[in-house]
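Please go over the structures that come below.
Shared chain: chain A. Partners: chain B in the first complex, chain C in the second.
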Partner chain A sequence: MADEQRVTLKVGFAEQLRDIEVQLPAGEPKPWDARSELKVVGKPHPRVEAPLKVSGAAKYTHDIVPANALWAAVLRSPHPCAVVEAIDVAPAKSQPGVSAALALVKPGERVIFAGQDIAAVAAKTPEQAEAALRAIAVTYKPEPFVIDTAAAMQDGAPLVHRGKVSERSTEGDEPGAGGSAGQRGNVRTSPSMKKGDAHKGLRMAKVSHEATYTTQVHTHSALETHSIVVQWDGPKQATVWCSTQGIFSVRDEFAEVFELKPADVHVHTEFLGGGFGAKFGASAPGSRMGFIAGELARQAGAPVRLVLDRKEEHLCTGNRPDSRQHVKLGASVDGKLTAIHVVAHGTAGIGTGAGVGRNAFGIYSRCPNILVESHDVFTHAGPGTAMRAPGHPQGAFALELAIDELAKKLKVDPLDLRLQHDEHPVRRHQFELGRKQFGWDAGRKQAAALRDKNARVRRGFGVAASIWGDFGRGKAVVATVSVARDGSVEVKNGLQDIGGGITTVVAQVVAEVLQRPVEAVRVRLGDSELGPSVGSGGSVTTASVTPAVRAAAEAVKTQLTALAAKQLGRKPEEVTWSEGQARAGSKSIAWAELCKKIEGEAVVATGTRPETYGAYPVKFMGGNSYQIAGVQFAEVRVDTWTGVVAVERVLAIHDCGRVMNPLTARSQVQGGVILGTSYALTEQRVMDRVRGVMLNPNLESYKIAGARDVPRAIDVVFTPVDTGANNTGAIGIGEPATIPTAAAIACAVHDALGVAVRDLPLTPDRVLAALGAVPTRGAG
Partner chain B sequence: MQPFVLSRPKTLAEAAELARASSQDSALRAGGIDLIDRMKEGLEAPARLIELRWLGDAEATMRALGPEGEGVQIGALVTLAQLAAHEGFGEAHAALRQAAGSAATPTIRNAATLGGNLLQRPRCWYFRHADLVCLKKGGTACLAVGGENKFHAILGGGPSFIVHPSTLACALTALDAQVEIRGPEPRTLPIAELFVTPKQDAKREHALQPGEVLVRAILPKPAAEQRSGYAAVKEKQSHDWPLAEAAVKLSLQSGVMTDVRVVLGHVAPIPWRSREAEAVLEGKPPSEALFAEAAKAALAGAKPLRDNAYKIPLAQGLLREVLHRVAGVPLPE
Partner chain C sequence: MSDRAGITRRGLFRGIGTAGLLAGCKPSERPPTTTEDPGDAAGPGPGEAALGPGPAPLTFTLNGEAKTVEVAPNITLLAALREQLRFTGTKVVCDRGACGACTVLIDGLPRNSCMTLAHDVAGAAVTTVEGLAAGGKLSVLQQAFIRHDALQCGFCTSGMLMSCQGLLERTRGQKLGREDVEAAIAGNLCRCGTYPNVVAAVLDAAGGSA
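Up next, the complex of A and B:
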């Protein structure tokens, strides 16, 4: 085995490039850097699995129906808080088609949200299962509950949890976030983020801004609902199909619940219909799905499908917590920030994790005094969980809109105010790039002119920033690449393709190294027996997987080079590769010919990824990895007669290290912008505060942006950065892409109206209220 | 959803017979948009669906779309997509074409019918929640009162505060349509009489009796220089229920407006004709100031609940916009 080596890498962005030295572990290929000239990686390539998806041939968990499979259905609590006095599932067992029934609560147990698991059945058809639930007899003793975040903070509010709560974190959570600094009543305090003395900074301020900003509960609403199919292959062995972002998290949880060896649980996720942070483990955040399906299958002696419906998906599979953020900003007369102070409360229902991310703390870091305090407020509602950049979109909304409001008081351009306080060179570069490309200066003038005329239809221009870290994981992935005697190339890993396009990118990496066409690389993913891998949370997938794949491909290439050298009668170091041929001197051997000389079936090698070893030019706060930069600009049109906001354009400027495939990367960013637009304009969980139930658990009155709601134009610009992080240079983009969208739209609405709408979503009622058009509230 | 029998009669007489035979436990199905929703939501579980889409030539009236005397007839089975694409509607009936084209989604418009659209049940989230018993489902109170009432009625509410869900109803009311009803005693009503206010009967929204079928709507002969228009404001621009709708019909002759009809939708439990706004406009020349005054008059009687006072300025703004478009007065920038 080779020794450790020091190499020089050319890193940086745009014209700001420099050489750095890094220490590579033994066997690690020299990272692709700014000097690398790649032929396949970084070039647009359509998704290799696209024909399967558009033709319906791709099989999702929803499509998996093993022979003799039964359908499960779950009885859920209609009460937000109640003690179960009695439960009898026996009558369900004698219903037509029913093979098994299971109580999920015991008499005396307290249920604490409407939608909580009560009992489950498995039957031959879904209709029989649903009908059988009605035969289950449950007696509830309803208890007082609290739904509203502000009401839950009051002294004397009904307590959601009777004891200390510890958090349940998943691979979807931001590394380093979480923890507790105490719990009182329904309020659990997170450790605060602190720098300097914000209170003093506010006292010193000559100009200040103080306001409260609120955001709504946002449900993940993946198109494929949570689903799991369990088939017992023996008393201690099972096959599990699961719609998951983390195959190994499903395997480990299922093994733990049923006391199995992880290796005896075989998990498949060949295709996944969306995951935004709520699909980790064998269970959903608010429903013990793995246990239910596994236990019903065990009792029935047949495979069981548990596929949630849309209502259940809204009630018990996680959500983005709401927030109520009190923001105070202080500045000197010449526009220097002296303090940022955010006090945030939010509810993750019965769960934890309502913090507001690093935006306020990490972006405008030239401000010397910053204090961000986050509190979870427990309410009797389904648990929140990580959702695409947990905490960040809500944190960005409050901070960025407050910055805009301060800029207005200071009479400075809000983009200039941002530039003045942001130290990240890539983000500064992005701000300047966007200013020109978006037509910022002219746009702001146009908006001001319409405002001054009190025009009916206004325009507005806004901008906001994104902060995230390169959380690419070392030593987690083992990828296998093989080249067979027939010349075929295969790459394997137990990874799920969450939909971002990793299948294609993996093929591109192998194609690049082995100089084969992308189409000739067979990619096998979605199976726990294909080697260890990461969960797709924290935007880690491409950064974690592609370096391991490259290492495996390079190792195979080394073996093939040795084989070629032998065939050509030369030393391996004399062999070079071009266009898929091995050459030495004047002699060469074609791929097919070379592969025929392979001894045995195939050349096979595995590859892993070392820990991150480069973070140029800026580190993510408190870590050793790169801080990912991004900014988004939004232009809105606001009708002041009806209050309707339309997003005309979004310009999204992001970095994700090396762009591995511009097509799939652009698609990821567009998806992030659409998610953010939907969050900004329409999506909102509505709870009845009197009865404690969700009123819109569907996709009709829970409003997800449609074709007419998404921005008329979404322009995506990448500012590639060579960070030296890993051997492919890839870093994540999934989460950064959605962080600033709603904030930029809210800032644009502020520009259009001249007043801020401080509550998401930016619905017509709020716009009209901000304009002072709504009469004081009506009678009861 | 519970299993059901699907029957496909060829005549209305056969359909009536099937309905009688299955007593209360059957439902007529045309487009099936709202009905299947209610069945999936667990609100209803009819044992038999009687499909009207398979009716034969004997019931051709139910598919008719075209001139009827000097007016226009529209069969109950005509789809929203057909209405939206119908070239026979001129300026006089533009409101109906615009309304049909604005509802739901292209897929739904291809299946949804005039009859089903007029007779659908409300979208109120308390009514639609299977676990909650509201006034319409035999409860003692409208749960929107003291509940989450952002989308509820600001006019004509009480004891129920639903808003009428039909988009076509708003336009057809503005166009003075009549509806023809087949049943034991065939009858034709002005469309306004099809709708039931909650004060009359909080459990229902239309006046059809068991055994009655809505067969067609008839638009009367348009007045000289008649024009009309419709628009809606929605939170979401793709597939959403309106926050408010406005349909306007008027004749513009010698520079003044006559025969003015102003109808607001999704603000009241029935399509809400505003005689106050009509009175402001009737016999006057159109102008921006007059439209603002009419819009104010239209909402003067509004009694908002906790969360829906915004509908007042919103409906005013919308009505002004529609008046500008119909009368051809340029909108202010």
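Up next, the complex of A and C:
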């Protein structure tokens, strides 16, 4: 292994490239940079696992049925708040097909949301398990509860938590977020983000804007519900299949719950049907699934499948908290922001994490005075959890719409106002690029003309910014690459592919280094015995895994180079590779011939990723990582008679460092835009304030966007950036892609109507209300 | 039930007959009967055999192969496919007809298998996602899905494919537009956001412009 080395890297973006010196740890391959000419990485490649997915052969946790497996079902609290006076699971045990029954609460315990675990059974069939639940006798003493965020903040509101509140954080949470600065009643204050003196800045302002913005509770609604299958292989050994974004988080939690050695818990997640932040650990955020399945399996002496139904998925597996954000902006007459003050309250139900992200703090960095105060408000509802860019879409919605409203008061173009305050060179570049490509100036004029005419059908153009960090993790992944005597190539890691396409990208990296076809690289993921890896949260996967894979592939190549040198009678440094052949002087040896010379079965090497080395050109605040830039433009059509908003076009311009696979990266951004559109227009958890239960725990009245509800056109543009952060230059894109969508749509609606709709989702009734109680009739 | 191809919710009720529906009601909820023998109201109609409550044999064609299985009469086609026959390509997402993930073809028409009782496909031809590839070769539609990246996590993909296959089969030779595909998959929810790529893939497979 070589000692530490200094290398020169060409970093930056577009025309703004420059050389920097980077100190590399021993053994670390020289990072791919703006000078690298790659043949496979960065080129579109169809998903390598796609044939399994289009033929129904891909096995998800829902599809796993060990021999003699039983079905579990969970009895859930019908009350939002009640004391359990008595519980008897014995009658369930004598029901047909039942092998085990388990009480999950004790008499005297208080349940604090409708949907909380009460008891569970395991039976031969799902029908028998459901039927057995009805035999369980529970006596509840209902207590007062509070569902509404505003009501929960009032003095005298029923208290949700009576003791200390513990924070459940996962790999889905944004690094650096969380913590508490005190609690009063149901209101728990998060540490505030502060710069300068926002109060003074507001007093000094000549132009100001102040308004309250609200967002709704949004459920993850991954298509594969939370599910876990447990099989005990011995008293202290278990095999667990779990629909999870974090194989090792499942292993560790399961081991802890049952006091096992982590190495004795073997976790499989070959495929998972989406996660969006809610699938970490052996439990769901609001249900002890790992314990339930494990304990039932132990008692029954048979494997147990615990597969939640759609209703349970809505009630107890997490959600994006709502928010009520009071935003105050101050500016000078010439349009310089003097202050941003955001006071946010949101409910994550019985959980924590209703903050509103760092949009205000990070994007408008030229504003001298910023204060963001976030509060969790506890209500008697299922816990929130990280959901695709936790805090950010709601924070971006309020702040960006407020900026738009301020721009209107200042009589300046909202895009110009943003450019005036944004210091990130890549985001500035993206704003300018989008202005041209989207037809911003002409569009705004068209919208104004339709407004002036008081036309029935209006057009509106909006733009919003995205901020996220390169949270790629060092020292977390160990990847193994091997080349066998038959010439086959295999790469292994205990990672899960959530659907972002990492399996293909891993194959591309190995193919690039070893100059093999992508199809010739066998990728094995989804198994905790394939080496440590990261959870797919925080958009860290590609940035954390690909550098380790490349390091392993390069180490294998070094060994193969030595072998080739020996075969060719030359020194290793004289050997070069091209088109999969090793050459030295006039002699060469083909891949298959070389591999036959491998001593033993295979050449094998592992690779890890060191800590991030650089953050060029802009750091994410409070850390040493690069700040990812993104902007989205939206064009909407609003019918002022019906109040219906349709999104015509979205232009999404994003940076994710080096784009590893443009085909799958584009899909991921498109998916972020579609999720954001759905959040902007239709999705909303509806609670019954009288009974304290969710009224739409299904997919017909909890309305997620279908094919005809999504933007008519979604254009994705990548602005590649070389940051010198890791050896592949990859950064994640899953989360940044959904941050600004709802904000851009809301700004476009503001442009169309001339008045802002300050509440998500932007439903027809709200649009009509913003226009006045009686819909305005078009002049024509 | 003569028209197997058209099993709809309404058709299903028609097929079961009023008697079958009434049989599910508590006696006190049943409207007064006009037949002379009230006992007949809950019995099978002419030409229909009574099933259940235990498993009863069911014969149908699955992906071109004749199958006979013992299925209880309250089991959905979806549950029978997944749990009894172990054809797990068809997915459970909402289990109440709202999301399309369980779509299969019944005599060529896309249907929610969660809303279809297994015994209602007696004698019918059922095609699942496992039946799309012929002789181990992926179909034109499946290949187009891969080329256009019309899948991410893959959980909606089986249902999407079956809705699109149904569209291709009933419009063979016709030129398709974007709206046709969007209408065909209007009942298929995807959470990853693959819709635009699905539309492009189907138009490509149909020989139209993507």
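Definition applied: the second predicted complex is superposed on the first by the 772 of 780 C-alpha atoms of A that agree within 3 Å, B and C clash if a C-alpha of one lies under 4 Å from a C-alpha of the other, contacts with A are read in each partner's own complex, and residues count from 1 in each chain.
The rule we apply is simple: a contact is a pair of C-beta atoms (placed from the backbone, for glycine too) under 8 Å apart; a residue touches a chain by one contact, two chains touch by 3 or more.
The shown structure was predicted, so the numbers you read here are calculated from the model rather than taken from an experiment.
Contacts of A:V673 after superposition: chain C is touched, whereas chain B is not reached.
By the touch criterion defined above, A:V65 reaches chain C but does not reach chain B. In the superposition on chain A, contact is made by A:T664 with chain C only, not with chain B. In the overlay built on the shared chain, the residue A:S55 is in contact with chain C alone; chain B does not reach it. By the touch criterion stated above, A:V333 is placed in contact with neither chain B nor chain C. Residue contacts after overlaying the shared chain place A:N696 against chain B, while chain C stays out of touching range. By the document's definition of touching, of the two partners only chain C reaches A:G501; chain B does not. Once the two complexes are overlaid on the shared chain, A:E127 sits against chain B and chain C alike. Using the contact criterion defined above for the overlaid structures, shared-chain residue A:G706 touches chain B and also reaches chain C. Across the superposed pair, chain B and chain C both touch chain A at residues 127, 700, 706-708. Considering their complex, residues 78, 127, 131, 450, 453, 455-457, 639-644, 646, 681-682, 686-691, 693, 695-696, 700-701, 703, 705-709, 763-765, 768-769, 773-780 of chain A touch chain B.
If you check the complex, the residues on chain C that touch chain A are 74, 79, 82-83, 86-99, 101, 128-130, 132-133, 138, 142, 145-147, 149, 151-158, 161, 181-183, 185-199. For chain B in complex with chain A, the residues that touch the partner chain are 1-3, 123, 125-126, 129, 131-132, 143, 145-148, 150, 154, 233-241, 243, 303-310, 312-314, 316-318, 320-321, 331-333. Of all the residues in chain A, the ones that touch chain C in their complex are 46-47, 49-60, 62-63, 65, 125-127, 221-225, 271-274, 276, 307, 309-310, 498-501, 663-664, 666-668, 670-675, 698-700, 704, 706-708, 710, 714.
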